[in-house]
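Just passing along the structure, written as structure tokens.
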């Protein structure tokens, strides 16, 4: 079970019921259990806080910040941190959400040249800055996003998603969790 | 209320009851409400996840990783991110927990020369690496901590505290939250 | 023809015959013309030198450095330079040559955690060092590759492929050439 | 023959005739054989591609980009890569072409303060950016050069010379080739 | 006497008389002898030059650059160099001179968010640039300070204080000198 | 008088007598007045401290650290700071002291490949580290120099010369002082 974690990974049947339930739900929806659901289960309280936080930020769609945009923030900032799990897993979701089979590879490698509109490019520019040099982000940077139609809440989300995955990337580097094989191909082949 | 956040800050009486209760509790214990309890209250669900995660990692004492050690990890890694709130607030707690009025300034400015033992220095070395170049942390680095008596759970905590404050530092840079004035002096003057 | 170059792109029928012939050959083999064959055709002499150099380094298979290994050097070093064209195009070839649909995404994002053996990891470590801090590569680094069974000629190739793509990455950033859509999916779906 | 290469260096009489001819020509013109003509001769096909590419870019003079300007691009970008051979050898040619015995040392150490005009300074700024952070070069940067009178072809040359020497610098770091003693003094003493 | 220096520290009574006199004077004024007065005494000639230079720059008050401003330059630039002695010792003086018990911790950790006015922020921006990337400071940067009311002499002082402490920080890292315990609390508790 | 300083440069006859005397002395010895003697004369007290410090460190020859070695420390560390004046002026002196017309260009561009012995290479490695990342220099680094025969005093000098020129480089970037034309050729042509 090397691919899941450098730390002990509990058996699913030994997990608290609420974790088992959520894991069963994601398994039913995706067809497999993303490894991070298992690697973090080593610590049920942290697991609960992690996914509660995640869902509060990612399961949301606003005119200024779509679900696809949110995933692209994850891909761009995780690429800066060389986080293989997050780039591959959230890259898969980004392809599906954006209905664009190229977008994740583009954003992971060079978001400046990716097939994005100006609003998206402005979002990624601030997100990457917050990921890599957070102390240089100032009120003007945030204001620049409002010029692209983002509300206060959208700006908060851009920043918080970046912050949350700054944590997530480091947890993955700590545990050494690898992406499930299924993620690599998701969203690449058009459904016929 | 400039010092608290660039984003709207809800009035305490408008907050959900569980937030009000926890805020009242920390106020009673500390004599004031640390600004981050108010700036994050803009989003109650995220607030709950944030403090649940925080408490799971920080309110713990083990032979291999004391409460003081945990605070020093926060100070060292937050200093790399130039996070004023975290350096000052957790620096205050670190001084108290370590019963050393100099330790926070030392660790914030140059942990390599701080009044630490070898175990602590090894911990901060890995924490700072995970904070700044997480992709270079490998199994050997983690193993080096076990040589200093840390258990698997302690190593997990070193990494997770670092990861959690990678998030926390960025949230503070997003909101522009300043440390409360009270923190600056805490733990500096010996109680008589 | 935005995707091909910021500079003028000659029509195929206006190109010198030797370029036309080689382009027709690659089109027949791949089913499309990789954009870089067209963007560089702006300058036929440079085009000829570029592909002559490329072929001398890449169309070669030795026990110490397979064709797949050569492509992985391109992917790893081009990722450091955020070169979208090279990561996507050579990632496609790497997947095919290595018969591993995950390897290119892994090496592009975090070669340290990719599914590689020790020899391959040592090769990528030196290649990335030569790509990013060439002045720190010394005789000992090169010697370390010989310990993994590389001959003098293999070591030369590791270095020269890295050097050649240091040029190639910058040419692509100059011209703004995007990868052809076909590359993104190549080598990902097992042939049935 | 330590100064020439860490790899085997073929005897001149064993080289293919076209290499021998070109080497004899450069020897007659310069009075000595620059070491890189010998170190790269280990691989005749690569040697041919290398010098064909080199000549296509460097043996050219346009109103927007003189031969001296081209050499200064080499000096400035090679200095960023700490490439001793290229800085010393092309520094020598730059002094001669620019008829300025100080210009190479200035550009190698601090091109911002060198005796250059605005056009030259703009060229070196883009070249150094392409050498060190190629992914940040965008259409606007290239446009800025046109404002200084460079044609499309001149801009291509600025970029391609930079790219070519990104390769060349790394080949030299690979082989460990030292500059010939003759280069150090060339162009420094006024002919009487 | 570990805290004073890695190098031999002469006994006060063995020092030249002028050093003894100045040390006695600072002791009388401060109540203790700052460690750097002893660590540098290993070399009396250098000691004399060091303190003569120091006094020429720091014991001065102009409308454009107060004594407090001068200390804040030291704190901000020494923090970039992780110089514990300079941050703690000059932080203490800065608190006293600025009559602000928070200002040193703020400037050391994140001067961008410190309680400063625009003039002070402009000064620290140039000082930090000169400390960390001196080659990028140009005439325009210096001119920007004049727009905030600094005279030519003030601008010289901003630059020279930064330069002097670039030296001082490195001397402290060489000798391993620790700040005296007294500095940590100075200027933090309001006099009643 | 653009080449001397961005700040006012006093006339020689208006300078204090001791400055005039020293300037006359250096002029007689060198045949010209190095620009830095004039640019710093804007501030006589600082001028005196600067040259007193300089002479205490540089006019010294020990078995473990020759005058040539001292100049090479200046060249290597000033090159990291892109300080044209110091590289060119002290490069000239280094060539003369080391009786090697190539050594300064080598050390300025890539000291790792310069014609140095192991002791010199170890010295430059520590000096460059102290110049660029002073907080990482520890007791072990200094100890490594003792293994090459340096005394405690030699080690102090390696560090102090580096520190002094960290200041000097920044003063030159502040004033914009250019090297005198004479320096470029000094020590390059063998006396006949």
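Letters A, B, C, D, E and F mark the chains in the order given here, with residues in each chain numbered from 1 onward.
Following the convention adopted for this analysis, a residue touches a chain if its C-beta (ideal position, glycine included) is under 8 Å from a C-beta of that chain, and two chains touch if they have at least 3 such contacts.
Quick caveat, the model's predicted, so the values are computed rather than measured.
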Chain E and chain C - chains in contact with each: A, B, D, F
If every chain is reduced to the average of its C-alpha atoms, which one ends up farthest from chain C? E
Where centres are the averaged C-alpha coordinates, which chain has the largest centre distance to chain A? F
CA centroid of chain A to CA centroid of chain C, Å: 29
Between chain A and chain B, what's the gap in Å when you average each chain's C-alpha atoms? 24
Just curious, how far off is chain F from chain C if you go by their C-alpha centres, in Å? 44
Gap in Å, rounded to a whole number, between the CA centres of chain F and chain A: 52
Could you list the positions in chain B whose residues touch two or more of the other chains? 82-83, 110, 112, 135, 176
Each pair of chains that touch: what are they? A-B, A-C, A-D, A-E, B-C, B-E, B-F, C-D, C-F, D-E, D-F, E-F
Contact footprint of chain E on chain A as seen in their complex: 135-136, 138
Chain A residues within the chain B interface of the complex: 6-8, 42-43, 45-46, 48-50, 52-53, 56-57, 81-83, 130-131, 134-135, 137, 139, 142, 152, 156, 159-160, 162-164, 166-171, 173-174, 176
Chain A touches which residues of chain E in the complex? 110, 112
Interface with chain A, chain C side, in the complex: residues 79, 82-84, 87-88, 91, 101-102, 105-106, 108-110, 112-114, 176, 178, 181, 184-185, 188-189
